[in-house]
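Heads up, the next two complexes both have chain A, just with different partners, chain B and then chain C.
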Partner chain A sequence: MSPLALVTAGLVLVSALVLALAVAIAVVRAVRVRRAARARAVAEPLRPLLLEVAVGEGPEADDAAAALAALDAAGWRSVEPAVLAVLGKVRGDGQRLLVELLAARGVVAGARRDLTARSAVRRATAAELLGAAGYAPAVAELGALLRDGDPEVRLVAARALGRAGAPGAVGSDVEEAPRDAATALLSSLAGDRPAAPPDVVARSLLLVGAPAAPALLAALAAPEPLVRLTAAEVLGRLGATAAAAALEDLVLRDPVDAVRVRCAAALGRLGVPSAASALRAATTPATAPAVRRAAVRSLGEVGDPSSLRCLWGLLDDAEGGVADAAATALLGLGAPGVRLLAQVSSQGASASAAAVARAHEVVTCAVAAEVMPPAGLAEVEAVLADVLARASRTPAAEVAA
Partner chain B sequence: MSGADVAGLLTALAGPLALLWPDPSSWGLFGHTARGTVVVLVQLLAWPVLLYVLAINTSYLVLIGLAGADMGRYLRRARIRGVEDASASPLTQSVSVVMAAYNEQAGVVGSVSAMLALRHPRHEVVVVDDGSTDATFALLREAFDLVEVPRRLPAEVPVRGAVRSVHVPRGGRSPLVVVRKDNGGRADAVNAGINAARNELVCITDADSVLDPDALLTVSRPFADDPLRVVATGGAVRAVNGSELVGGRVVGVRMPRGWTARFQVVEYLRAFCVGRAGWSRLQSLVLISGAFGMYRRDVLVEVGGLDATCIGEDFELTLRLHRYMREAGRDHRVVFVPEPASWTEVPATTAVLARQRRRWQRGLAETLWRHRRMVGNPRYGRIGLLALPYYVLFELVAPVIELVGVVLTPLAVGLGVVPWEAALLLMALCYGYAVVVTVAALLVEELSFHRSQRWRDLGRGLAAAVLENCWHRQLTALWRVQGLWSLLRGQRQVWGAMDRQGLAAASAGSSVPSSAPSQVRLPDTAALAGTARRRAGSELLR
Partner chain C sequence: MTTVLVADDDLDIRELVAFKLAQAGYEVRSAPDGVAALDAARAGGVDLVVLDLMMPGLSGLDVCAELRREPATAELPVIMLTARAQDQDVATGFAAGADDYVVKPFSPRELVSRVQAVLGRARA
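The block that comes next holds the complex of A and B.
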């Protein structure tokens, strides 16, 4: 073989490989484009039917559901992805009809079977589908999935439990479903390592809503800090004022600072005036800075005027974060807080230089950014007038003297 | 090809290739004549260079294979990712998007608008104007009705350039903060942004980057899924030149017109999308691009933010994070999220590209030198034993070896040391293998995210995969060696100006002034006070 033939052979070899890969790319693209076009062609005429079902109103919706249930296998294959995509986005009759349609097509039964499949992706996909369907009868199976060996499956199961256990879920006449979902979710946080990420569990508990409150209240006494912490967070966001007393107790006495922080934040969200006393007690220097910061922020949210003096005293706190939070909280208290800040800022109230600087910053930021409500601005003007009046009186007094 | 053909091919190959085999008896020729010197150099270097090329391309192929597996895994889980849940959850971790801007008047308004419009329940945008001398700030002030506020920024991470002022939209209409500071470089500006950021996660991006709508939700997802271990996530970075943008979003992926940009499109795909997915699969990701990275703010503060003295600050930060966490004995993960992506404008001219590549290579060398203790050190696990030795061997040294091959081959042919046929064969094989690697990356992209839809662009991508080997690759090697050389000579490194086309601004429907003033007068902050009432209030409180 001549050298020229050698070069040619080498180039042919490499070119063949490149060509094979290029052809593979083209084939992949062509197949995908063709499949998509075919699926579109089949699914497009069925789209109005799907919309009717999703709207879920009147006999037209029932007829559309019946038509979709009667589709042949090919037709159903093309419309199924669209059904699944719509599933998690509708509520009420539309959701019920879609779930009935999926049940009629055997999709729900298939998903329940897949919850024990060998493939983790299949188990998770099945859990996701049942969650999106808000399928209350599957709560027990989804709860069991929280003990799955695969963390991703557990995560999806935790997410699905929130929807399946929610009050509006399909088949929520299964009365114990929300309670069971809440119990399972909280149990998933017990133990050395949580079965699912706490924020996912908390989100699901929020979806379960008020029916989860008794389980959440009981969880405030759980030995695991993560359970107490999550329960406090969710109770605060649910506005469960019945939990205020327990939260007040924990904000002062829980041995774990992270739990106390969440309890303080929860009390702020609840906005119960009686919580102000416990929150003020949590701002003492002996408490951890993170807890103090949270307590101070919550005092602003609770909005109890009796906290004015406490917040004022914290404006020059050695812990910068606490002092900043106190200034912001005073702003959040409305007119009385703004008046105090303006007085401190104009040194009309006896305060340290740090307090003056902080009060000045927070008020001027709010004024300059025009986020100060009219009542607050009126307070600032009143203090300004007062200062100007005092300033004008002083020289005259001196002359008279 | 039959067995006899293969045997014939191998026999025929043996002749010319034997010329390259080291022959100690001829080494005495070194220095006597030019030909003798080239003969010795060829004999000493030919085989190591060939084996090196083989090894580096094979390693790329392995990474692409791993990336394919990783992307397949990612796509199989598309339906169970829970992005919709995260977008509506009040518990989703909050994100501060930090953008450093220096003379970005061409696209800063569109870019910031697009960042504010990203899907996320709790995110703010912090823009740090790093002493721009153009209309960057003036445009921002006008577009977002900014007012100056006397907000003090905490000094949690060190900042060199003094912070001059902080601005927010009037009436708190959007979660935007603009910090103006003296020029201190990109890393310094990002550090100021970290100080100004008030959320749990910090997303660092460039002022000229365009993020996909779900980018924040998806890239922050690993922090929620594994809150104790994930400290940083990196997103894919793609070249946006030529693509169609509407409202600051990429709606149609197109190939750019010039070959310089086209080569970078395939380069970005090979290295920044597919390559990093491969490293992530090996749990050895050491480089999160400065164009799109997300970090836990508390960890950023702990490590002291970005190193403003290092030109490769994004690589340095990721490495320092690994080092810090390892030395503290804290289990941690750095995760790559292959989709969605950040789209960035790549240099369209060779002059700008040359500056960028010199800077990248220098940054790589500087960072590896700073963290040389980690290289090959089992204390740092896979990072020390796998990723960093790889970076030294195949990223730091690669351009030097490539340049040696590029210079030596024509010399050897010209002086008659190696027959041109043999040289051509070997070059064809080497560059052919490189083409195979790139086309394999294109295949992985086609199988996974297939963002480009046009057949014409597929042809252009394949052409770029071949043509980049004709001059772009060699030029890149030269620029990278120049970057190393400038470091060795101790030359001061400066950020070159990037000639922006203003993609985001153009996409937003506003035209980019071609002759914008090079310098604008800074606004009189006193004049910013809007109403008499506010002036009175400010007066009182001064």
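The block that comes next holds the complex of A and C.
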């Protein structure tokens, strides 16, 4: 055979293969589209039943759940994706009914089995489903998954633990679920490398909510700074005032500045007046600037008037960030703080030029941004009127008159 | 009949809210994004809006602020329905002019109670 004939034969063969491939792709697509259309046709009439279950109220919801539970295999296959899509979007009775339906169809048991599957995708998918279901009985298994070799699986498990350990979770009569979820999440931050991203762990702990407080309090004594830091952050966001004393202790004594910063911020969120003393002690020049700034900001959030003198003294602090925070914190003290700022601003109170400029800036910005505390505007006007009156009594003014 | 506009880019959420509100006796209109929600509210005949915070194009906050700016819709009650549950998010929602705030995943029964309460306050 000549070279030209060989090339021609090769080209014909390649063209035939490409054509066959194109036909195969078109056939597969057509089959998929037909299957999807058939599934939709079966699922569409079942949609009202699904919505009735998800809304979860009254005997109609129970009847709808029973009807979906009794579907034949083909019917269930067509409706299952829609059930899973709605799961995690509702809570309350609807969530409970959806989970009961999935349990009746064996989906929950399958997901629990898949948590130990060889495929990481299957493990992550199972954890995602149990998390969306808020399925409290799976907390221990999800906790174990935080030691999974795959980081994506650990991430999904951390997210799922927040939902499964939350007070409204299905089967949350499993008393230990929130406590176990919180303990597992905090443990995931121990060691050289956190098993899951700390922000994801913190968000999940927030979902667990108040029942996580005992585990979080215990975690403030953990040897790992990341655990203490996260516990402090979450306790502050949860408003766990019972943690105030422990946080006050750490804001003064923790060896890691980042932990002290979070403790100071948490005390500000808690707003407990008794914390003002520890926060003031954390503003001394011997303390790291970041801790001082956080402590000063929190003094403003606590809003205790006993901090007036401390904040006044910090208005001309050598650390600009601390001084700026002190000026803003004075606004947080309400009328006494605003009065002091106005007096400093009008040079009626003894202060350095930097403090006067800072106070003036904060008062002016607060008035312009309309964030002045309610009593503040009157205070500012009174001080300014006093300044004008004093100015009008100066010898120069009398001569001019 | 009292009409509620439900704006959410998630079809499941739109259908769930619409189904529950219809069960509770409300007439429901739906919008899949912020622009459609604004158009539907401007068209009139809406007594309350249930607004998702994060929608493509125009966010729920933008829609709410726009509704508050226009005299015809300035008093229209708005309930934010959102997955963002932090204090700051809630404060931002209220600052934009929302009358109430419901966090996803939501309880359909609680949502209806809040719709009733907000409408009651608006009519008082």
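Assume the second predicted complex is superposed on the first by the 344 of 401 C-alpha atoms of A that agree within 3 Å, B and C clash if a C-alpha of one lies under 4 Å from a C-alpha of the other, contacts with A are read in each partner's own complex, and residues count from 1 in each chain.
Please note the rule applied: a residue touches a chain if its C-beta (ideal position, glycine included) is under 8 Å from a C-beta of that chain, and two chains touch if they have at least 3 such contacts.
A quick note: this is a predicted structure, and the numbers were derived from the prediction, not measured.
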{"item": "Which of chain B and chain C A:88 touches, first, second, both or neither", "value": "both"}
{"item": "Chain B versus chain C as contact partner of A:238, first or second or both or neither", "value": "neither"}
{"item": "Contacts of A:9 with chain B and chain C, given as first, second, both or neither", "value": "first"}
{"item": "Touched partner set for A:326, first chain B, second chain C, both or neither", "value": "neither"}
{"item": "First (chain B), second (chain C), both or neither touched by A:18", "value": "first"}
{"item": "Touching partner for A:159 - first (chain B), second (chain C), both, neither", "value": "first"}
{"item": "Which superposed partner A:54 touches (first chain B, second chain C, both, neither)", "value": "second"}
{"item": "Chain B versus chain C as contact partner of A:360, first or second or both or neither", "value": "first"}
{"item": "Touching both chain C and chain B, counted on chain A across the two superposed complexes", "value": "88, 237"}
{"item": "Residues on chain C engaged by chain A in the complex (per definition of touch)", "value": "10, 12-13, 15-16, 19-20, 23, 87, 104-110"}
{"item": "In the complex with chain C, residue positions of chain A that touch it", "value": "47-48, 51-52, 54-57, 85-86, 88-95, 237"}
{"item": "Touching residues on chain B, where the partner in the complex is chain A", "value": "8-9, 11-13, 16, 76-77, 79-80, 82, 84-85, 89-93, 147-152, 154, 168-172, 224-227, 419, 421-422, 424-425, 428-429, 432-433, 435-436, 439-440, 442-443, 446-447, 450, 455, 458, 462, 465-466, 528-530, 533-534, 536-542"}
{"item": "For the chain A and chain B complex, residues of the former touching the latter", "value": "1-7, 9-11, 13-15, 17-18, 21-22, 24-26, 28-29, 32, 84, 88, 121, 124-125, 127-128, 152, 155-156, 159, 197-200, 202-203, 206, 233, 237, 320, 342, 345-346, 360-361, 363-365, 367-371, 377, 380-381, 383-384, 387"}
